[in-house]
Each structure stands twice: as C-alpha cells, then as structure tokens.
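You will see chain A twice below: alongside chain B first, and alongside chain C after that.
And now, the complex of A and B:
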C-alpha cells in the first residue's frame, strides 16, 4: 500500500482564481508601495542656475504663464548699492535719476531708494517684473551681479516639460528638490548647480 | 423675419454701438499708469555744511631716509605716457616657486591710488580713514619705510575705494590730485608745501562718480589740470601756483576719470582730454597756448576712465566702459582750425575696448583687456592692429581671463595684474599670446591701481596693501 499522500490535483478554475488573487494582491501591494514612496520622496521643481544664466531674455517670452513666472530677485548681500547702477540705469543715462528715460527696466519694476550719500537701495517689484533680464545683464556687466533670475514657485505651474528650459541657450534650467526650490546667489557656490542651496 | 424683430435687432446693434463708443471715448487705458519722475529716490543734496579744507596743513616726518637709486616712474603711464618702461631693465624671464620675492609691503587706506617712483623714493596719495585725511606719503623704495607725510583733513566716504590717482613727480616737485579734486604741490625731497588749489571751490568742479581718477600732468614748469566746471583745462605755474591760463568750458563738460595726454598732431603740440561729454585738444604752446584748438561731443559718455591713445599717424583711439565701447577719431587741419573726423565707432563686443585701464601700443599693435560686456572675449587680453582695431589678432583665450587690473611693459615683458592680486608675466607678441609666468601675490581684492617699475622692482597694490617685488635678474 502506498502511504504517500497524494495531493489533490488543482483544477483549472481554482488555478485561475488563485492566480487572480495573487495578481490583485501584488498590484495592491505595489500601489501601496508607490504611494508610500511618493509620499515620502521629495518632489522636484524647475529652477534657474544664476551662474549659468546668460540673460538672453527668453524667460519673458516662452513661459506658459503671462507674465512669466520667472522674476528678478536681488541678493542684497552682494549689492554694491551704487548710485550708478548698471541694472537700474540705461548705459549713458542722461542723469542718475528715477526719470523714466533713464531707467533700464521696461516696466519700471525696480524701485530705487536713497540710503545715504552715495548709496542707493534697489528693490524688485515682482508684480511688474516680466523676467526680461535686462537688469540682470546690466548688473552682471558693470556690478556685482546681485540681480538675478529665479522661477517663483507661487506662480510657476511646474510643467512636466518647461517651455523655457527647452529654449534656454545656456542650459541654466534644472530640476531641484521642492524642499530647496531656490538657487539664490550667495547661498550656493558658483557653477555647482546640483548643490543644495541651504 | 417680421418688421418688429428687425427693428429690435437694429436698435440693439445701435445701442451696443453707442455704449461701445461711449466706453471707448471715456475709458482711459492709461489710468493705472504711474509716471516715473526724477526725484522719486529721495536723493539728498549732500553735505549742507561747507567743509573747510586747508590743503597741505599737516606734516609728519618719520626719521627715516632713503638711499638714492637711479630709476624713475615719475607719473601715470610713465615718462613717455605709453605705459612702457623706457629705462634699461634686466628682468627675469621666468619665476621659480619662490619668485618674485616680496621685498616689503605697506598697509594703505582703501583705494586704487598708484605709486610714482623717483630716485629711491616712492610717492603715493593715500587716504587715511582714521584721521580723515588725504595724505601724500613718501616711502623709501629700498625698504618701504615711510619718510614723510603731507596731509590735509577732508571727508571722503567709502565709495568703491577712496583714493585713486597717481602723483606726478619732477626733480623738484610732487603734484597730487585728491579724490575730491584738491590739487597739492610739495617739494619732492622735503615735503614742504609749495601751493594748493581746490578745483571744487575755484572751478565748480563736479566730483566724478567714485571720486576723481584724473592724474596731474607736469609739462616743464606748468601743471596741466582738467577741472571741468568753469574751465575745461587750466595751466598752473608749478613754482607759484599761479593760474597761467584757463580754457573755458563752453560745452559744460564734466571731469572724467581720464587724464590729460600731451600729443603732437599735425605739427602742433596739444593737450588732449577725454571729458565726460566730449573730447578736446588744447594748444600746448605758441601764441594761442591754452586755446581750444578742436573739440567734439561725438564721444559723449558719462563715465570715461581710460585716457586717449595716439597712433603714429595721428589717429586718436578713445575707449570707455559701461557699454560705451570705442571710437577712432582723426584731427584734420582746416586753415587755422582743426576738424574732428570720426573714423569708426563700435560697441565693446565688436573690437578692442577697455573699461578702466588705457591700452598699450607695442610694436605697432595695441593691447588691452576687454570689459565684462565684451562678448565672447570678455576679460581677455586682446591684441589688435591699428589698421583695424575691430579685428582681433589674438586673445589670451577662454581659460586666461583677467579683470579691471593694470598692465605695463618693461624689458620685453608685459605684467598684468588681476583683480585678486594674481600677477601674470607674458611676452608681448604681435602674433600670439605667450605666457611666461603667473603667481598669486596678494590675497586682497580690487587690485586696480596702475603698476610702477624701476630699478628691477615692481610696485603693485590691491585695495589695502602695496607690495614691492624683486623682478630683476
């Protein structure tokens, strides 16, 4: 007599049922895993490396948001507070004054305020700024480069494929962790665009 | 379609049209615009209290002496105004790890004032921030010890440095221009005050941005100055301080950072000055000495630092920073007067242009460092031929960029100082960039003051320290 217990053969219906249960279980586990990963992992947003930016002006034209979600920001620590500010005044301006004909910004988005002779403070009015980078170019050419462009995340819709990044001639657009969304000059090192901006 | 419906439709259209027309006529699309007017920055009118300035009022003698040496670098751009050391030097062609040796160094007030050298003595117009004084300091070239100091109280606020001129020295005198346009003449050896002239009060000079960088010119017994304000140029007797002539400033030009350059054009000796507003030539001799022979406002820029450069054929090269670029002019005689012909003008990215230093002509070619807005070649040393100053013969390359610092040629070598105190020695060549040596000498910043070389020694400074290097063999 054969003591060996003979297993009951699985019929086709049971096999399909078990297979379906296993597949469903694995899918649910995978979904839960992905959800848990997404919940814990940092998201990414677009940002401009100001040390790569060449002030071409395309940020103003190519952003899907109007006016552009790219704005000029000011690193006050780097500013020379100059009277003759290359970011505020047109080259060879008639006078060092706030008159419209002397201002470089096409929308008068930079406010100039006397501090003490001979120093002036410059403030960006973001609602007027269109991200044209004219001031950035002037500040970089003749000053300390304290004016620079950044993507403002309260305005940016974070497109999967940023339309400015597609046309940026300097490859200055990059993805940065959403937890550290800005690359402010003075807070991170020149040219090291992957570094964490504190 | 019945008649009443038509009437309603037509009436509706007319009504909409009337509303649209009224809206169009009454709505001001610029109602939210704000005019940008002068004065919105609340700029203040400066010091209301008139400062009393007694030029040369203080003197200190420090009980040191200087052994006499032979060499001289007596003024801005040297004896021949070309930034080339004319005296025979025997300078090293390369440096070992320990070279060039720093022979001595002295701490200075913050600024960009350059030294002049005369027979073993170094003269530098410093600003003493603690005492609030412009101070002409005389050092021994041998060991850097201070011998005497002639000074006067004046308030100069930090504005990208404070001092920024080079004294002019002769056997008998030293003449300085302070940051706020006070001229002082003293005895070269003793430091005794000869005379002083305040261009601010005497000529209504407007102090340029960041204070003046104009260096005085001594021509024989005359000191030539460009006050702007009431006179575009004046001559002062170096012995008495008496004003010999004044060229009126009819064009209302302002003092720039540029210095007066003597030139001989079409057989006439002239003083050429690139002011803020235009360029002019003033007769330097003859019966019409002190008369403006020609002037042009084609070269009109608010900030001009480099001085005019003249080519052998009489063309004058003008350049400036802050987007100005460069211009080539020619002064053409026309009967008893001269006309100015503009030969070419271009932006800084289209040819040789300089922001702060004056280009150097060497073996028929011109060398200069492009400004930051100089396009792809920005901050590079470039060489051009005078026939076409927009065609670059060579550059120092993308990996060899400099800043706003000075450069000078001596003994077939060119010394270039970068902003951060790195000194580069190259062999000036009309075909290619040949670097001989490079070394970081100082740790400071803004090393912009003109260099000086004499007796196999080089004087250079950053914003706060001057060092003397042994560059001789």
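And now, the complex of A and C:
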C-alpha cells in the first residue's frame, strides 16, 4: 500500500515527460517536414539582378565587408568600346584622356586601354573598386550598360540576410543557387527586352 | 566611327532619357587587329561540399560535447570542445551559418512560397534541437560559438536575484516572437541584424555592432552568458526540448549526499535547491488553479496589446515605411536625394499599388501582433503558474530548462563513480 503511494506520482510525472517528449519530437518532425518541401540540396548565395539595379550607391556603404563585396563587372559582350565612355569619363570631362580629373571613378578602378582606333577596352581593377556604381550609372545613361554591379563570391561572406539587400531600394538582391552564382548581362538575358518598355 | 559621330548617336539616347538595353546603342565593333575580348571573371562561391562539411563538424562537435557532458562528465572536455567551436564556427566560419539565425530561414520557408531553403540551414536548425530532446542543451555548452565566447569571459559571475532572472528570462520569448513575426512578414532577419558577436568574429563591422558585442562581453564578465540567458531566441526552443529531455546531465553521478558543495557552483543560477512545500496544501492548489484559469486572460490581454502596437511594429518593414513616408510627405517624391522615393518614382509603380501592398503587410502585422501578444501572454501566464506550483525536491538538481550543460557543477560534486 505504502509502496504504491510513493511510486504513483513518479509514474505520472514520467508519463507527462514521455508524452511531452513525443509531442515535441513530432512537432519538430512536422516542422522539418513542412520546411523540407521547400528545401534544396544546393546552397544559395546573394546576387544582384543588374536589370533591377538603379545604381543608387548603397552597395558601397552597407556591406558588412570593407570595402564592399559588391564590385563593378564588365560584360564585354555588351560593350561598345567607345572612346567617349560614359562609365569612364565625367560628363563634363575636358579631354578624352586617362587624366585623373577626367575620370568618373572615385578610386580610379577602371583601366582604359587602347585597342585600335577609335576603340578602347575598359577593365575593372577589382582591388580598387568599392562598388559605388557611379560608372554603372554613367554607362547605363549614356552607353550600352555593359558595366554593372555583381556580388563577388570570393569576397562575399554570404550573410543569412544580406545587409545591402535590406536597404536596396530596387529590391535587386536575389538569392540564387550557388551552382549559378552570377547574373552577368549578356549571358543572362532575361529582362533584356522586358525590363524596359521603351 | 569617330568621336563626333558617337556624340550624334548619343543625343537621341540622352533625349529619350531612360536607359535602353533592348538594343545596343553602340554595336560591338569588329576589330581588325586580332583583339581578343577578355572573359568576365566569375570567382566561385564557397564549395558546396564545404557547406555539408560544416554540418558534419556540427554533428561531430555535438556528439563530442554530449559525450563529455553525459558520459565522461568532464568540464575540461566541454571547455576545449567549446574553444574548438569558437574557432571553427566563430572565427573560421565567421558566425554564419548558425543555428540561432536558422530559425528565420525555417520561418521564411514556411511563409514565403518563393523562398528556397538550403538543406544545410534546415539541418543546422533541427540537429541541435533533436539532440536537446535526448540529452539537454549540450549545443549551448560547447558548440554554439556565441555561447563559447561568453563562457570564456565569465570570470566573476555574480548571482542575480531570482525575480530579476525571471523577468529578464521573458525577453528571449519576446525576441523569438518578434524574429518569427519579421521573418514571416518577409520584413527582415532581426536575429542576424542584431547578432552581437558576428562583428568580432569577422574583425570587421560597423561601430554599433562592435560596441554591442563589447558590451555583452563586458557585462558577461559579471553576469555569465547574458546573451544566452536573456536574449537568445534559439535558447527558448532548446529549453523546451531540454525540459523534457530523456537523459539530461546530472550533478551527481549516483546519489546526492546533500553536501551543498555545488550550491553556488552554477554561474547561470540553474541549480534547483531542495525545497519542501510551504503553507497549506489546499490553498496552494487553489492558487495554482486560479493562476491556470488566468492564463487565457493573460493571452487575451497580450493579444490585444500586440494588435494595438502593430502600426509601429510594421514601420520596420521597408515597403510600409516608404508608403507611410510618401503619404505623409508627398513632396519627397520630387526629392532627388531621397534614394528610396526616387527609385519608387523611377520604377513606375503607382501610389495606389504601393499603398495597397503596404496595407496588406500591415494587416499581416495586425494578426501577427495578436499571435505574438497571445504567445507572450501564454508565456507570462505559464511562468506565474510555474512560480506558484510546488514540487518537493530532496536533492540539488539542474533546472533542465535553463541548464546549459556546461558541466561546472560536476567538478564540485565529491561523489565519484
């Protein structure tokens, strides 16, 4: 009789413990199951849709990496190799030359190289680029838009939520599969004909 | 084509204003000198197998920590595992990917149909919880880099009064609720944004972030593991699992001899002392029943309060904030220095569309506010129930919910196997 009395509460407590453990286990399994429907074996990384980007310049300021992991890239396929390059030269440049006062880039990260008359090749020096998008703005306004921003994955630390994406006014940041991590204009042609009705 | 021709071509492009990508303004030249066009470099992201290797390291560290805590009963082992985790998940992986932040990925996967969840994030979320369901919070003890860095600086822990611990202990629930709310409404990842230590792990962050981290570490010298105990939202989930864990760490390997040596050993105040029921049994039970009946009332009050603050809560959503700004001050639409307003005007979305979108997000926050408030009411109600319920305890035992399984108390126990 006495024995029964002392063992009964422990049994009840154990029963509650077991029941709760099973409930928690099942709800975990349920949550994992629901989430697993959306899961992909691939990893995801951040990238900028160059057709949505409005070159506001926030990429230079908001990245957790200093200087920003967003850099300008050059989609050579699109480039017109212009002498009068809207991405390289200031709008009021007084000469078409490499002189510092004519350059639009604040860090002189674009290398202008003569190819043949009247064509010039423009190359981004990534170690100097800060991702400010000034050249992107110039190139899109006056040229073909071959200069555009991309997240460089050798520099990006792939934050769970990109701190630039949070402030991007154009919602141009996307999570893309790590197996195709770049959206370079030219080989990435969606939006080429649709993003701008003009 | 010379310079002047280009300017002539340029004029209509400038006049039409908008950038035109549809047709190349300046066709790619045909080079005569055999110029070879360079390729645009595309440095690859971190290899996929390394992401899975992280999961492997997580499992290995968890297994090791659990073995040290539950089987080996070695504080030294736990300590060195936590140093390893700090180096690997903290300084090498720079605090990202982490189980705490993975909560938001799971929530987003549930609520956002367009979001694709990386499988590794799911594993990082689920594995520590499953382990906690069986062996307690060994993840906190030695695997979480945020816990490890705080554990190493807890030199002079002081004991906080119980009432303060209880009140501060409500913050993680609120933080968890807010994090889920903001992730579910696709607003932002709150936990990642206010992660205090990720800046230290990267040796690079904005000033406020480093300040927050330094502050937590400074407070952590005296109040052991302040983030884990009074902020960590993942700790809430781990606590639920650990409360009902199958085989939790114990202070004594066999029977407690009531020596009281362990009583002050826990820097986290997670050891329950022996207690006898006080007062009259009947009135105790009545009080318990009264508190139980009050739970729905708490939930109602909480829900109402939550729904009432949905407007300020929704302000943190980018779309809602922009809509509010544009409605309140229509003149900023013309302000070229306001990047958000300028971009909105450029995109050609109408004001009506924006307002409708903002309103629908706000209504999500309204219902989210009810759920969040109800949840907080439930937590407060159950905390009161727990405080008023009495359970006779004869021995010194770890409080399974809040015990971080660090193993300090085990060293104080004179009973050996």
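Here, the second predicted complex is superposed on the first by the 150 of 198 C-alpha atoms of A that agree within 3 Å, B and C clash if a C-alpha of one lies under 4 Å from a C-alpha of the other, contacts with A are read in each partner's own complex, and residues count from 1 in each chain.
Here, a contact is a pair of C-beta atoms (placed from the backbone, for glycine too) under 8 Å apart; a residue touches a chain by one contact, two chains touch by 3 or more.
Please read these numbers as outputs of a predicted model, since none were measured by experiment.
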Touched partner set for A:95, first chain B, second chain C, both or neither: first
Which superposed partner A:107 touches (first chain B, second chain C, both, neither): neither
Which superposed partner A:120 touches (first chain B, second chain C, both, neither): first
Which superposed partner A:175 touches (first chain B, second chain C, both, neither): second
If touched residues of chain A are counted for chain B and for chain C, the larger one: C
Which of chain B and chain C A:79 touches, first, second, both or neither: second
Touched partner set for A:140, first chain B, second chain C, both or neither: both
Shared contact residues on chain A - chain B and chain C: 80, 82-84, 116, 118, 140-142
Touching residues on chain A, where the partner in the complex is chain C: 17, 20-21, 24-25, 28, 31-32, 34-36, 38-45, 51, 54, 56-58, 64-66, 73-84, 96, 115-116, 118-119, 121, 123, 140-145, 152-154, 156-161, 163, 166-167, 169-170, 175, 177-179, 181-182, 184-186, 191-193, 195-196, 198
Of chain A, residues touching chain B in the complex: 80, 82-84, 86, 91-93, 95, 97-100, 103, 108, 112-114, 116-118, 120, 140-142
Partner chain A, residues of chain C touching it in the complex: 1-3, 6-7, 10, 13-14, 16, 18-22, 24-29, 31-33, 35, 37-46, 48, 51, 94, 96-97, 101-102, 104-106, 109-110, 115-120, 122, 125-126, 129-130, 133, 188-189, 192-193, 198, 202, 204-205, 240-241, 243-246, 318, 339-340, 342-344, 346-347
In the complex with chain A, residue positions of chain B that touch it: 34-44, 46-47, 157, 159-160, 209, 300-303, 321-324, 371-373
